[in-house]
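Here chain A shows up in two complexes: once beside chain B, once beside chain C.
This part shows the complex of A and B:
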């Protein structure tokens, strides 16, 4: 190995500088570091091969009980059926609204905690992580307890004698939207956190010295600086929400069925694996395209928050 | 005025995220098999049931086994990739790194279906090890990013010094690099542990009603009617996350792990 590669600055993030990367062939690379065979095999065998199989099966022929080898576009043709278009449209609306609502809450919240002193900042981060990693099942369940008749807000409304007989507030459109947004907030905070810590304090301080109010500073200095980060965050949240499964099942109505439910229903409920695979392939392509867009956004953001 | 608004906003957000969990904790204390809040009669009897009732203890056992093994697997895949890219900046290492980022970027339902088809083709379904492998690969992104951060923070001069004193590649790795990235490996492991414990959809697809994990059991119990045991399980999940992340925060640099920028002198 040459000294140039040995002493190269380390920046393994996807935004790293491509020009310092050497380009020997695959075998040459593995020769430099034989242990790389293990991660190659694991990711290849248990991630990329299953995906390849899934793509092949999305073209397979469906028989009554299972499927057989074939090459047909029947399953992709079903994308034009109302079953598909309605639920994709429902998912897109929910995902867009829930991501937007989550950002509205998360942007000021993250901005504030990024300016906390270290100790309260760490405590807030622990808090956010705990809520973030909590299973969708647990969050949906907790919210259903809050929105339920026996224990939650409806019971409170009844106790205050605002209504005679309280009804449960879920399943409903709003319960689903609330659940999805709620579930998105901690994720949004973690996406925004690095950018918020990079915001130059001197800029906001300068604006305030010149007489701008904190609110005005926030809207004229902070938000424009975060513009691309916000767009990237919106896309990531959008993708994340599109994959929501338990929340729409538990808090939404049947007509609020989203993408992930549709795939699960086709694969497990109806045993139509090829159609489920076609849906997943479509979903995957959209996700990858959107993810590449966020990488590009972050890359072109070097002049903004980072400097 | 602004300060008051800020405090009011922060308090609202914090309480909005705490309140549902507190209500659930209240529900878990009901003396009778009811879901009242405030609870009617205080009792802790639902907590031991998680360990005593067969379906809950089996689910707990599965979840713990899967999480512990998936953590080991994820770190074992992440470490060589991160080290490879850090030590030898070659295109192939970069490709592996990106390959390690992909699973987490995709919605889990896609991974779940891909794995389901894979194991059905292999004629090997509903096994614990299927979920371990799926979680290990799906969550590899977290230790990968964290270990890379750890490697980045190693001072080049330190490595130079060790080399001057005659350390060869192997010695350098075991006595300098490994101890320095160990905290990051542990943090990555802990993140996988918590996320695997909480993961629903992959476990649901791959478990095939044979291997049932805790979140899967919670949803299926919810469908057959609420009981305070579910609330007790939810409380346990929260406590588990609180303990793990507090430990990471106590012994590690949490802001740095989450990508905070630290000014360099």
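This part shows the complex of A and C:
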């Protein structure tokens, strides 16, 4: 080839690099402007403004039929009546247990899927995603069929003559907990999957060469390495379950009433919009705090396993 | 028999054969290298021995005990992985005594063993540190200590030094060999670095495309490569196309050369290649006369201080000669010279 070609790498490359670097100055920010305005607008329209309205209403004065402008803490004070603290506590319990149960099922499941070869991995994930497409209504209704006396497991138990006369298994505490956990599992899998695939295979292999059985490896290596991810997943599922509405209505007893039901009941059933708003604000703030906690957890993760 | 026996070991991944019909005996206490280019199956073979893969056919026997169907965690092996695979959530000491903890050995005994092993790998006093606080070389030593904690029967290393810089790597090679000699543990290392294999091993297993190309002591393989592949892969070699010329004689570029003998398996009609190591080739001024010489022109001199390489074009073939500065041939680029290929250094191979 000619001398010119041979010399090319030594001479400064004739590129448009300088232009590219110059752009982010004035031109760049103008160009980026519409892109930053879009999310701001969306957040404002669909989050900040409604949230602000809700806050204002939560301090409003309730009249017999509706509410009028005002600034009072009556509705927030009502939280502390035993009726509401009981139901907040019920919601927290359900959310915590349902998240925990979902993780107990999802962690080994996701970990072993992530150790499969590519193809079965994809197939398994597609199945999980299929379950995700089902709405809470369909899941709750299907479970009511499974747990019902006429067609479900109780009928089977009776047919096998294990009991004389079967009762319906729902509505009950356990039916509600089962429904909430079932609905959480695919979400748990999706949250855990990236962290599981990033878990270095050689770490678990090393544990096995050092005499740890696969089960032992799971508990001494895999779980500790996923610690931060598990905590983050737990919080997200917890927040998610706190908002459950259809499942507790369908599968739970009256005493299993959860936060979302309470809010709906106050707003729609009793027409107490300010109190419903106050409940919702409280609920949002707790959720926000927990979500921020997961962001912080993921950032402070040293092993780099958490997503 | 004590030691490791591999009998008819094959491993297929779908339609790909990673390891094909390997037979190998490794006596107790030896240091063996699996050497070959990437994709030759050497790592798969090591993983089969560790039980991290299951073989498609064949048997693995250690000290008379059939290991073939034993899961990894029951094999009593120590392994150092390419990524080292140190547990990031455990301290150095906890990493090293992980295997003891699994066996339920109590804490004070474990602690003592950790200190002992760190002493052994010349890294005393770091048991309480985090893995992230160690340098690459230190992590290497911790990984070795961890693998040796239970005094395993087999010590397996999968390209363990590849992450280290060249100087540290050479130091660790010598250190590893001294450690292995001290402990007398049967050791297999997988490497693609022939220098590394030659530095450390009693025996080198050269592999190419799922099969063993040659097994032997490093210098035997270097001196008497069984094929052009081995000659090329172990060190550098002048591989010259040649013809048989009756008896021990061959011809290269029309010139007749004496050799120390042709392989017994060679048939008269077979084509041949001659392998001559650069350090065995002598370069003389043109006036020099004698047997096993051919004329050529110096095309390039590579003088890097520790050695001098002379590139000589002889007709269609290029011959490289290497000499120490002390024996530097008195020639310069463009000179016509004589090149001697001594009879005892011409290894004749089937083409």
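By definition in this document, the second predicted complex is superposed on the first by the 267 of 307 C-alpha atoms of A that agree within 3 Å, B and C clash if a C-alpha of one lies under 4 Å from a C-alpha of the other, contacts with A are read in each partner's own complex, and residues count from 1 in each chain.
In this section, a residue touches a chain if its C-beta (ideal position, glycine included) is under 8 Å from a C-beta of that chain, and two chains touch if they have at least 3 such contacts.
Everything numeric in this text was worked out from a predicted model, so none of it was measured.
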item: Chain B versus chain C as contact partner of A:213, first or second or both or neither; value: both
item: Chain B versus chain C as contact partner of A:269, first or second or both or neither; value: neither
item: Chain C versus chain B, contacts on chain A by residue; value: B
item: Contacts of A:203 with chain B and chain C, given as first, second, both or neither; value: second
item: First, second, both or neither for A:127, with chain B first and chain C second; value: first
item: Partner chain(s) touched by A:225 [first = chain B, second = chain C, both, neither]; value: second
item: Partner chain in contact with A:260 - chain B first, chain C second, else both or neither; value: first
item: Contacts of A:70 with chain B and chain C, given as first, second, both or neither; value: neither
item: Chain A positions touched by chain B in one structure and by chain C in the second; value: 213-214
item: Contacting residues of chain C [partner chain A, same complex]; value: 50-52, 71-79, 81-83, 85-89, 98-99, 102-103, 132, 146-147, 149-150, 156
item: Contact footprint of chain C on chain A as seen in their complex; value: 200, 202-203, 205-214, 216, 220-221, 224-225, 227, 302-303
item: Contacting residues of chain B [partner chain A, same complex]; value: 2, 6, 9-10, 13-14, 16-17, 19-21, 23-24, 26-27, 34-37, 73, 76-78, 80-94, 96-103, 105-118, 120-121, 133-134, 136-137, 140, 148, 151-152, 156, 191, 194-195, 197-201, 204-205, 215, 218-219, 222, 230-231, 234, 237-238, 241-242, 245-246, 249, 254-255, 258-261
item: Touching residues on chain A, where the partner in the complex is chain B; value: 1, 5-8, 10-14, 16, 20-26, 28-30, 32-33, 35-36, 38-40, 42-43, 46-51, 53-54, 57, 105, 108-109, 112, 114, 118, 121-123, 125-127, 129-131, 133-139, 141-143, 145-146, 148, 150-152, 155, 182, 185-186, 190, 193-194, 197-198, 213-215, 239-240, 242-243, 245-246, 250, 259-260, 263-264, 267-268, 273, 276-277, 280, 283-284, 287-288, 291
